[in-house]
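Each of the next two complexes has chain A plus one other chain: chain B in the first, chain C in the second.
This part shows the complex of A and B:
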């Protein structure tokens, strides 16, 4: 299936899907980069910076695909929108927080992203399937990194465990928002591009993280039904982040590096 | 690009050119001569290894233009544009337009690094891609090593520490 043969309804569905994936990676990448220079360990400074570079690279590739699909420009898609037009999951809207908050957010996001990617790697639209197969190889390291920290915090009584529980409680209402239903998802499933609905993917994700939460005696975030708000109403922490990541772009619009 | 890297590259390109060209005239445009020229393009982040030995060069097709597929090691590789222009520049000696096409199909994998590439990395003190259990210190060959961090100075490297010779070292991440 090439770009030129896609039906308009499929293009709309892909625009929705790729746009939300790109915004997710872009926002978590910039959030991760906030640890550069101030992470609790030198190795973690390097790790968070490297993770940020990976995620922003993934966002750039996804925005590039979106730009090809819609005849727009990847940088414009990434930077030239008002905060309200970004469609990342609300899970990523809680500000940097402490280290436990960062680990809790990354754990919930990376495990969800892995389930979403698995539903795309065998898809019928080659440009997206090929990119996702490449992303899976890199995300494996993200899962190893955050999985080991999640276990470390959960298994260390006192402040580490307490802070992790507090962070999970704050994130709980937004935990599943990566799987906010997309308008065009039925069309994408029928076209063989996406393997299952977002609702089904959320069920799969819960079966993936369930055993980990149970093993550590942690309460799994309840399933909430807030489809209308899963990727909107981002709030003050995102307004602040938006101002940060746009600083250079707005200081000299149209500059070429 | 380091001086050592440049010299290795030039030596290889000379060897390649001698193998590929039959006379002293202009270099014939064949897959072999193009590949030989590309062994002179070093990776900016690993300047001791060429993009050919790193496994970044996919298909090379000679037609009305020279079409070179480039496999980014990582999706967010910041050096891709630099490599792309270095390839175009290096192939400018041939008699036709050059098209460099980044692709994720097939995906780059650390398995694509050639034996010569692994040897060049080892000389620079960078261990080959292996599982933790198989990791060896590139300086003293000890197996008494511990992984310090999954993430290192570039996207493709992890950090290790050798408890035997008490030196930190880097290893290529298996992907």
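This part shows the complex of A and C:
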């Protein structure tokens, strides 16, 4: 399937899917970049900054694909929208928080993203399937890194464990919002682009993280009670982040950097 | 389990026994391309092997500058710097591949046997 043969309904579904994936990577990348200079140790500072750059690289690739698909500009897609127009998961809307919050959020997001990518790597639309196969190779290391931290916070009694539990409790209502149903997902499934519905992917994700949570004696987050709001109503922390990541872009609109 | 439950389950003295893990140095060796020798790249500080590998990967591999890394706990490196073993006081130049100066001995041998010095080979 090439871009020229895609039916308008499929283009709309892809726009929705790729747009949400790009926004997810973009927002978690910028959130995590807030650790640059203040991470718990120097090596972790380099590591977290590098991971954040990776996520922004993934966002750039996804926005680029979206720009090709819709005849728009990747930078404009990334930066020139009002905060309310971003479609990232509410899981990513809690501000940087402490280290445990960052690790809890990254763990929930990275495991969810891995399940989502797995449902796309064999898809029938080659540009997206090929990109997702590349993303999977980088995300493998991200999972290793965040898994190391998640396990050590969970297994260290006292402040580390307490802070992780507090962070998970705050994130719990939004934990599954990466799998917020998309309007066009049925069409994408029928076209062989997406392997399963977001609801089915959430079930798969829960079966992936379940054993880890059980092993550490942690409560598995419940299903979100307001799935329709999973990618809207971002709130004050995102308004702040939006102002941060737009500062340079808005300082001289139209400039070529 | 909520965080309150967890806090109540532990006695206060348990809290005091929690120590931040000690950081220690790990030496990182890197191979730039297949077939190259492993060269010392530098070191990272990490509390254990798992994070040491993550940090080695980030500090010596994130720009695709390495195809292989070796990560070794510095405490596991056998360190030999004893001058009696490595820099003994007597002349040891005769142990070097280029230790003997052969020119004078060869000239004397040729004179004794009447042979001329062979010409440099052509081509």
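We adopt the following convention: the second predicted complex is superposed on the first by the 256 of 257 C-alpha atoms of A that agree within 3 Å, B and C clash if a C-alpha of one lies under 4 Å from a C-alpha of the other, contacts with A are read in each partner's own complex, and residues count from 1 in each chain.
We adopt the following convention: contacts are C-beta pairs under 8 Å (C-beta built on N, C-alpha and C of every residue); 3 or more make two chains touch, one makes a residue touch a chain.
Here the structure is a predicted model, which means the values were calculated and not measured.
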Clash or fit, chain B versus chain C on superposed chain A: clash
Contacts of A:218 with chain B and chain C, given as first, second, both or neither: second
Touching partner for A:71 - first (chain B), second (chain C), both, neither: neither
Partner chain(s) touched by A:58 [first = chain B, second = chain C, both, neither]: first
Touched partner set for A:8, first chain B, second chain C, both or neither: neither
Contacts of A:166 with chain B and chain C, given as first, second, both or neither: second
Partner chain in contact with A:253 - chain B first, chain C second, else both or neither: neither
Which superposed partner A:37 touches (first chain B, second chain C, both, neither): neither
Chain B versus chain C as contact partner of A:137, first or second or both or neither: first
Colliding stretch - chain B into chain C, listed as 9-17, 63-71 or 135-143: 135-143
Residues of chain A contacting chain B in one complex and chain C in the other: 43, 46-47, 50, 141, 144-145
Complex interface listing, chain A residues touching chain B: 43, 46-47, 49-51, 53-58, 60-61, 126, 130-131, 133-135, 137-138, 140-141, 144-145
For the chain C and chain A complex, residues of the former touching the latter: 1-3, 6-7, 10, 14-15, 18, 23, 44-46, 50-51, 54-55, 57-59, 62
Touch list for chain A against partner chain C, complex: 41-44, 46-47, 50, 141, 144-145, 148, 156-162, 165-166, 169, 217-219
Complex contacts: residues of chain B adjacent to chain A: 74-78, 103-105, 107-109, 148-153, 155, 159, 173, 175
